[in-house]
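Both complexes shown next keep subunit A, but they swap its partner, so subunit B is in the first and subunit C is in the second.
Entry: the complex of A and B
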């Protein structure tokens, strides 16, 4: 197929899913451009190519809007990793992951890995202000942060209690705890029919991030890239073993199945 | 954020098509080469010849010539037209019927005898642009029919159509595109991909085709562009995967096409142009009553209800230049990379380089040096383009002229910096690092002079440390151009290096000497004088003779290095020592150093030099002696040097020197040494013992004078000395006052060096009256030595004897062969057999009984000894 794009063919695909406004685009910007900038609502989808060692990873940013929902399964087709993103200050955004987005991942690779990411941690968690990733906050602190004094009390208490009335003036209410995310991860494994024991552990796959401060962002993407490497190698290996994979044949099998279940 | 990527050019105006008939509308178009076919709602096909006309100003326009129009006789609009040029047929859809029309005459093709040339009940059809059938005179066609949920695949021939496949679809299909075996379909509620060969299918995404008009557009092999919910243009390949990000159209898109790298779409009032490279909307053209947008062999044609237009892409190069002009470097570069497939490879490489260079200059102008450098590197910029921005840096001899059209908008650095000196400085610093990095790469092939000269000028101007490194290593700096520049910045030392590099050592020296002499100011080296001397060491002889005087006058000790430190190498002529010596006549200090160099360092074995040095030493001593008061310390040093030379050298003319110090009573020790050299030891010892009364020196003399001789010579010398001591009271010698001293000296000598003497001779010489006690150490040693000698010789004798025996034994062993003894063999003497292994061998290896031989020996008058006895079995 003639290459019509400016880039090389990606070796592997990573897809960001989640409700609109949870910060998918911001996360991707932060990771790729090391900046937190104003985003416009994503139309349809967009993707970036990331060079990871010798590999090209395409990272797809999808649109959370209902309108574009139908496209989700197409983006997920053949994905090696899916990042299910929610907003820690919005319980509904976590619920949507299960209700709307999980089913889109049916088209992903059978060995696809799933990460659950609670973004905007800076709003509820003081530790997320200290960018845990290399570069950071300084250049990108925005005006809203300036008025906010560093809440020292919090540093002693990494996970703020569910209803921190005394602190609510400074911090937003954290509606989704890490435990909620871990529980969702368990349910995803069940949905996929995967054994918990033989799958990647929830502690490793649940992240809390802040696109705004950069907190945990590199850690998230880099951890995922490292985990999808085997998938790349397998794909390359397959391609090497039979350089002319007969896609027709492969598809024929699954296609027939789809047909029979449909008619 | 807009680019002018396309221009809308009218192709067929309303007048030409329908004149003033208001109800007639365009329904479909087809373009095949220059042939344009237009189908109208009144069932006509119009055939035009479309010619491209380029005006003198380069402006493109079209002139349409109407060739024919034909009524198809169905009273219904012509819904679709497709050319099958190989068959010279137009495939027409009108009134739900597909049929064939001759491309030239526009006559309907009658059905062939064998089969029909018509298909009924058709809502839409498409041509396979990536046919699976190899027959060039056959066109593959996918057909949607109004009644059934099927897609039919036909082969279209010159005069007939043939159904080859009937594919059932889950829902009613309403738009179709075909690529190879892949059908891309818009169904009522979704898009799907269907392989009509295998029957495999792949759902793409939901789409309500009743609500919004679907678009299924094949854009390249196995890739399709689809209208998606929310007004998106989605890409999907045959595997159902999207490999490009979608573009954002309006909800009411009517048609779309790809004209790489752009996606062109038409809605009710606009043509929108998105880049596939970055998803961005690049251009919007207003277009009223838009109706049709289709691409034919890369040409995008649009139609309103009344007229036809061509969307002419502007050359990519021009678009890129427009982007660069508005400093949109990233976009320009993306577009350049994207243009790769539209432009022939070699032309693309040139374009790409140029764009990168321009991009580099834009970054440079914004003082973004890192980016600039990267782009210059990738674009393989001729560095002189950059250097030429800096006034006066390029050498006058440079043949460089800036490339045209220019790569940037700057006249020079001052123009760029607008008088901001800080900026100028930063640019200069950048150029220094940049040139430093590239000067050793192939980037500078062919312009090394220009680069190195520019670098030299910058270094000099900025007082940069690397100036000297540049000049001391391989470089291509242009001398003529560098001279005034280096002079301007008082870099005389550097200039000298450059002269030297250019083989003009004389000029270099002249310049440096002026600096040392204070005529010129350059503080680069505080040790410039030493540097010059060092430099002279390995210079040509001419220069040495020319500047040695200057160097010696400044400092003879260092200046003489010119002669003494000259490295020995094959390709340099050597200095003739005689020339140097005569040259140094006026520089006594340097001459001495030079003679020392010849004799002591280089150890040249020539009488002349040794004598000369000895005379110089002697003259020094004599001159010190003639001073009052005498500088003791200096004198001692001078004498030590003289004495050492006299002792150690064997080459100087002894008599000559002796003559020179004949009358000098102070130099007795030296004279003694000279006598020693003449082997007139008695004279020497006489001086030492009687004149100097220096007994340790006398003893030392004996040791020295015999040092390379055998022990007999040494013994003789010591006996001579002993004699001198003992004969102290002979008449004619000095007064007897110190006779006791002489005796003591004799005793000491004997006791200290007893081993040298012949004790017997000594005992005979000694006066009778001397006590045994006095000579005890000597005698002890003499007795012990004689004992020792006796025993040693005995041991030596014994050892020699045993060695002799051993050799004898070895010799016999070498000779002998094995001797066999057995019960069957008889003894030669008694002729009985042997019963025991022990036998005796006669000479010749004949075994006999021991007792027989004993008998024989007893009997033999000579009692000959048998030499060999062994035990062989």
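Entry: the complex of A and C
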């Protein structure tokens, strides 16, 4: 598409997929803005550009609602990584990944990598309360009080927990185990016709996170970005090889020169 | 909007009520189901309802005359002998029957009614069965217990106890259900808990339908129940707001359009043709907040009442420069570029060929504004979403690009509508051009200074507030319908007082637009203020004065006000919505770009039609 050349070019595309209410927007929000807050149901898809070192990574946060299902394959076109998200307290959300979302990834790159992410781990796992990431724990506590949109949380803890210990009594049943996610990863590889041996191992690609406490969130995104780095470099290389002149680059340079000389 | 009201007016004019004069068993059943609904919705009048039954013979006119008889009828009690009466509308086939055939016709109706009687009984029995699962029994109606059906373990802020008095006390309930009686949306309380109540509503609709009639409304002492059937959807409003039936129906239409804007009319019809008892909530899940937001806006924003757009007052030079920025940042298949600040319109520019065929209706803009308001939680990103503009074309999607230009404050919002699903990157690029141009011209800080005006600027001492809506005149025919209004200031600064003033305006509006006795000018002395509403061929005006103003004073004040508006016109309204042509080379499009224009029509706009 000629139109794309004018934009600050994203090097690589990452897409978040998954059923509604699993916390895709919250995950991304936690990673981008280091906060957990009440979100409303996403409409369509939202585009974010993340500056990661010298690279521009575009992230598409898609709506999980069936209403927007038709758009899914468009968001996935040319994706280098897809984050398939489910809710650890909701078995159906894992099943939906296979039933509804896997086929959308047909338009992704052939070497696209897949991560399977179980969100809301804080509801079932006390270790997820201690954020592994750099965020201050005190800040998290106050934000937790704002509550979530998901009904389960409100019913489970009508008052915000004072400490993880008091919460453990209110733990929700974990409906999806890590083994279930690993098994799904295997089936995805098979669906894609990939050899298990030559692909990334399931242990590396299955995550359990909590957007609420920040548990494992940075680890997820950073790991994924590291893994897509080869395809970033290859793409940049291809662009350099490309026989077409990149007008944008030339214009950018000349524009800067013109400005600096006139002032 | 306007046209719809008109049609309804005509329909009411030819309204004939078929009189099944003896109280037949069918009518009894209707009475029962009405009182069951009554039990649930307004329990205070339960006993009376049961005694009264249903009177289907009351002609609509007598009802309307009750309302229109007295100037002060807003505060007057509705006569108590008309507590519950469904207004039914006959369809043509009944009225065209010769009088001689009446006998056979009646029996035919009776047959229908006994069929539908069975239906109603079945519906009610079904509802009861559902309740019996709970094991709740007692002297109260089974419907009262509807809310207990769902285990309270999954309570969210949305889930209200539908058996509580506080639930009944809501000023305006809105329900949406499918023709199969499946709940789709309820403004308060969960749809599951209300499934039997909605079943009864559907029973009422089907019962009246089986007699070749359409149920339009039910009046009780405290409440007005208004029904609207649109395709496979049934919308019901239960209101104690004293608004007119037409106003409530117009609000239901907004709800319908908002649903259409998310799913399109074509896909809704397709779904229900395919599967009559489809649960539409599957597709609307997550959109409840958009509908909630719409209903809150309908209650608090007069734009909906006036069916006009409120734009932010802005020096015309600034508005023009913003329009020019938008006009320059275009790409193929871009159709509308809209700039919004503080939820009000700043400017709107449109593709040339589009505006030649049709214009953007205020309703569509209201729906867009509501969508933006309801989806602004995560404001750093750029949203790309399909959206249908129901009055523009109810069956097709636009693709909307939504982005804020001033993060993190997020008050200035850019909305670009394209017909091309794949155009995200091209459209996002337009945003960057717009952003650059606005930085260069320092537009954002100028916009930040713009604000609504105070009524004191008009310089008329007794004038407290007004709403002015100019009508389309031939020379700006294709212009967007707009209105202007100052901030609501003391004594209308509290939420309650604001609502009270809006209610007064709604009352004046209903009198002006009454189908039976429309008025041109009303001078209304209310308890704490005096209002004057005036409609001419050029404008519609609502004014609010201090209570001690005299008629002569008010007239002089209005003359002054009209003169002031004329003077400020360029600032208050978008005068000439600019157009552009999304041809590859916009600089040449001003002359002789005809063939290029054709191209853009082919690849973009036609795909819509």
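In this text, the second predicted complex is superposed on the first by the 206 of 263 C-alpha atoms of A that agree within 3 Å, B and C clash if a C-alpha of one lies under 4 Å from a C-alpha of the other, contacts with A are read in each partner's own complex, and residues count from 1 in each chain.
By definition in this document, a contact is a pair of C-beta atoms (placed from the backbone, for glycine too) under 8 Å apart; a residue touches a chain by one contact, two chains touch by 3 or more.
Here the structure is a predicted model, which means the values were calculated and not measured.
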| item | value |
| --- | --- |
| First, second, both or neither for A:25, with subunit B first and subunit C second | second |
| First (subunit B), second (subunit C), both or neither touched by A:68 | both |
| Touched partner set for A:33, first subunit B, second subunit C, both or neither | second |
| Touching partner for A:233 - first (subunit B), second (subunit C), both, neither | neither |
| Partner chain(s) touched by A:45 [first = subunit B, second = subunit C, both, neither] | both |
| Set intersection of subunit A contacts, subunit C complex versus subunit B complex | 1, 3-4, 6, 43-47, 63, 65, 67-68, 70-71, 74 |
| Subunit C contact footprint on subunit A (complex, rising order) | 1, 3-4, 6-8, 20-21, 25, 28-29, 32-33, 37-48, 61, 63-68, 70-71, 74, 149-152, 154-155 |
| Residues of subunit C defined as touching subunit A within the complex | 153-157, 159, 262-263, 282-287, 289, 331, 371, 374-375, 377-378, 380-386, 400, 421-426, 428-429, 432 |
| Partner subunit A, residues of subunit B touching it in the complex | 170, 181, 195, 197-207, 219-223, 228-230, 232, 234, 236-248, 258, 260-261, 276-277, 279, 334, 337-338, 341 |
| Of subunit A, residues touching subunit B in the complex | 1-6, 43-47, 60, 63, 65, 67-68, 70-71, 73-75, 77-78, 107, 247-249, 251-252, 254-256, 258-259, 262-263 |
